[in-house]
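Next come two complexes, and both contain subunit A; in the first it sits with subunit B, in the second with subunit C.
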Partner chain A sequence: MPSERELQISPIVQESLMHNARTLQNLQSLTASLFGVSAGILGLESYSGFLFYIVFSLITSALFYAARVAPTSISSGKAPLDTSRYFVGAVEFWTGGLMSGLAGFILTWTLFYGLVSA
Partner chain B sequence: MTLISKAITGIGGLLLAHACYSAQEHSALQSFRATSTATLTSSSAVSTSLPIDIVLETIVSTFIILLGLVLGTRPLRPIEWRVWAGKIEREGEDGFKDRNGEVNKDYVGNPFGIFESRPNFVDIRKQRKEFAEWVKNGEGQQGR
Partner chain C sequence: MTQVPVQTIHRDPQLFYWILFPITIVMVLTGILRHYATVLMATAPKKLDQKTTREQRSLAHGISVRGNFHTLSKRSFNARRDVLITAYESGSYLKDPENQGQPPPNPMSDPSSMEGMMGMMKNQMAMIIPNTLIMSWINAFFSGYVIMKLPFPLTIKFKSMLQAGVATKDMDPRWMSSISWYFLCIFGLQSVFNFLLGSDNAANQMAQQMGPMAPQTAQMFGPGVDPNKQFLAEAENLAVIDHYSVLDDVEQRLLEGIRI
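Then we have the complex of A and B:
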């Protein structure tokens, strides 16, 4: 997080911040349900299902970075894997979807597990 | 962009539905085989795990849908004020179009636009004189 002084020197646009966060969150909640479908079809149980979810969420973040953040961010002089052009916190960007998408993941995971192996 | 992402997501969805159906059929076949062998010979029930092609199809289709969804997200906006204002100044409305080519509803334009048109500073006498000149010339042209 930037300090108060840095915020005064280079202010932040709240609307853009919210727009970016909402875009990322929409994607993550959609894909979390999708991963639940896949995990249910594969018939994963207990830890392997959660591991599947974590791995695919990180892949989602990486793909989103590659498709949306990287082209303009790197050309504007930021280092690779630096998301500070569009997001305030790096940890929030890479792992923020893990908790918010978990409920949807478990919902569709259990649903499709029951549908397939019933 | 939008058509490509929708097409990719659709193809992935079809593959995923096929994988789901295959897995369901496989499990139904397993349970059927288990009951038939149990009634015939009562030997050990064979329960094989999911075939490798269904596993691969599921994972590949997940990746395809994921790619389609990521490509379908809206473009991001820079959060630093100077970068954002510079983008508005350079690109105007073109930089804030969504996937359908329409300008976003919450696009506010130049944040300093209020400073660029100030009616209080208009030289009204000069404009009045110019208008009078224009009327005079127009009258002269019409009278000819």
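Then we have the complex of A and C:
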């Protein structure tokens, strides 16, 4: 954690942070619904469905990192897989979408599972 | 261990067209309607008279001087601090300086605060009324139907919630009735609204309950707060600041940053 003095020398703008986090969250909630659709069509049940969800949201985060964060972050001297240029918490970046997208995932999963297997 | 045979219930496929899709479509449309109703009902912030605005802005000025003192040079910080502290302590920024010592008025009697409460009431109403209507609509038309099977197993505790209106004892709790599809929609449609209306929409009541209830400024200048006391506290805060500037030692940092 940088000290208060360092924060004052190179300040962090809250609005930009929130904008980044919101962009990521929009992507994750949208993809979560789409994963629900595919899990339902594939007819996955119980653990395999949730596993599918977790694996694919992690893949989404990785793709987001590779496409949007990595090019500028690595060229500015950060280590690979370090998201601190745009996001505060690394844990939040990688797993934050899991919880927020879960409800949408279950909704579309149930819907398409019901439609396909009826 | 004996294998429990999987329960199968043969349902009419028409159930989907006449129960599932209507509920889903109504939920989505209600969310959109709620969003636009909130947008239309939002009242523009009331215009304040000059004295009140001066009172609030001068306090905000003090707070931002306190928060950003490190960007000011020592001399200009001292000048600002002295002016602000004198003005705060003499009460020259107050809206009405004569009732300085009196207790603050009762917040219920102030008409401006009633307005804020009315806005909150309106928001609450916009949530409660459609929910009650849809709940009773589903209960009246669709109660007692088993429409779907959840793709994951649940414990027996969920049975009363998911199978409300279907009093069948031995049915697997995975089967769900129309009212539980309604609940699933309440929780899960946020991503659909994000997609349709943009991320800061007012469509889903769940997001509103979790979000901040009132903006910060309303708290700071809310009714029942004595502005004179706020000013005195702010003057004290300004007086104890130990000033330094971000430009202290800037030459050292610059030289460290230069590599030959």
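Keep this in mind: the second predicted complex is superposed on the first by the 108 of 118 C-alpha atoms of A that agree within 3 Å, B and C clash if a C-alpha of one lies under 4 Å from a C-alpha of the other, contacts with A are read in each partner's own complex, and residues count from 1 in each chain.
Convention: a contact is a pair of C-beta atoms (placed from the backbone, for glycine too) under 8 Å apart; a residue touches a chain by one contact, two chains touch by 3 or more.
Computed from a predicted structure; not experimentally measured.
Asker: Record, for the superposition on subunit A, whether partners subunit B and subunit C clash or fit.
Answerer: Superposition result for subunit B and subunit C: fit.
Asker: Please indicate which partner A:Ile41 is in contact with in the superposed arrangement: first for subunit B, second for subunit C, both, or neither.
Answerer: first
Asker: With both structures fitted on chain A, tell me whether subunit B or subunit C touches more of subunit A's residues.
Answerer: The larger set of subunit A residues in touch belongs to B.
Asker: Once the shared chain is lined up, is A:Gly49 touching subunit B (first), subunit C (second), both, or neither of them?
Answerer: second
Asker: Between subunit B and subunit C, whom does A:Gln8 touch in the aligned arrangement: first, second, both, or neither?
Answerer: second
Asker: Using the superposition on chain A described above, determine whether A:Ser117 touches subunit B (first), subunit C (second), both, or neither.
Answerer: A:Ser117 sits against subunit B and subunit C alike.
Asker: Report for A:Asn20: first if it touches subunit B alone, second if subunit C alone, otherwise both or neither.
Answerer: First partner only.
Asker: Let me test your reading of the model: by the given contact rule, A:Phe93 touches which partner, first (subunit B), second (subunit C), both or neither?
Answerer: A:Phe93: touches no partner chain.
Asker: Would you check which partner chain A:Ala103 touches, where first means subunit B only, second means subunit C only, and both and neither mean what they say?
Answerer: second
Asker: Would you check which partner chain A:Leu30 touches, where first means subunit B only, second means subunit C only, and both and neither mean what they say?
Answerer: Once the two structures are laid over each other on A, A:Leu30 reaches both partners.
Asker: Superposed on chain A, how close does subunit B come to subunit C by Cα atoms? Whole Å, please.
Answerer: 11
Asker: Same subunit A residues contacting subunit B and subunit C, which ones?
Answerer: Correct list for subunit A: 26, 30, 115, 117-118.
Asker: Can you list the subunit C residues touching subunit A in their complex?
Answerer: Listed in rising order, the residues of subunit C that touch subunit A are 11, 13, 16, 20, 24, 70-71, 147-153, 176, 181, 184-185, 187-192, 194-195, 199, 246, 253.
Asker: Please give the residue numbers of subunit A that touch subunit B in the complex, ascending.
Answerer: Residues 10-13, 15-17, 19-20, 23, 26-27, 30-31, 34-35, 37-38, 41-43, 56, 59-60, 63-64, 67-69, 72, 76, 85-88, 112, 115-118 of subunit A touch subunit B in their complex.
Asker: Which positions of subunit A touch subunit C when the two form their complex?
Answerer: 8-9, 22, 25-26, 29-30, 32-33, 39-40, 44-47, 49-50, 101, 103-111, 113-115, 117-118
Asker: Given the complex with subunit A, which residues does subunit B contribute to the contact?
Answerer: Counting only subunit B, the residues touching subunit A are 16, 19-20, 23-24, 27, 49-50, 54-55, 58-59, 61-62, 65-67, 69-71, 73-84, 106, 108.
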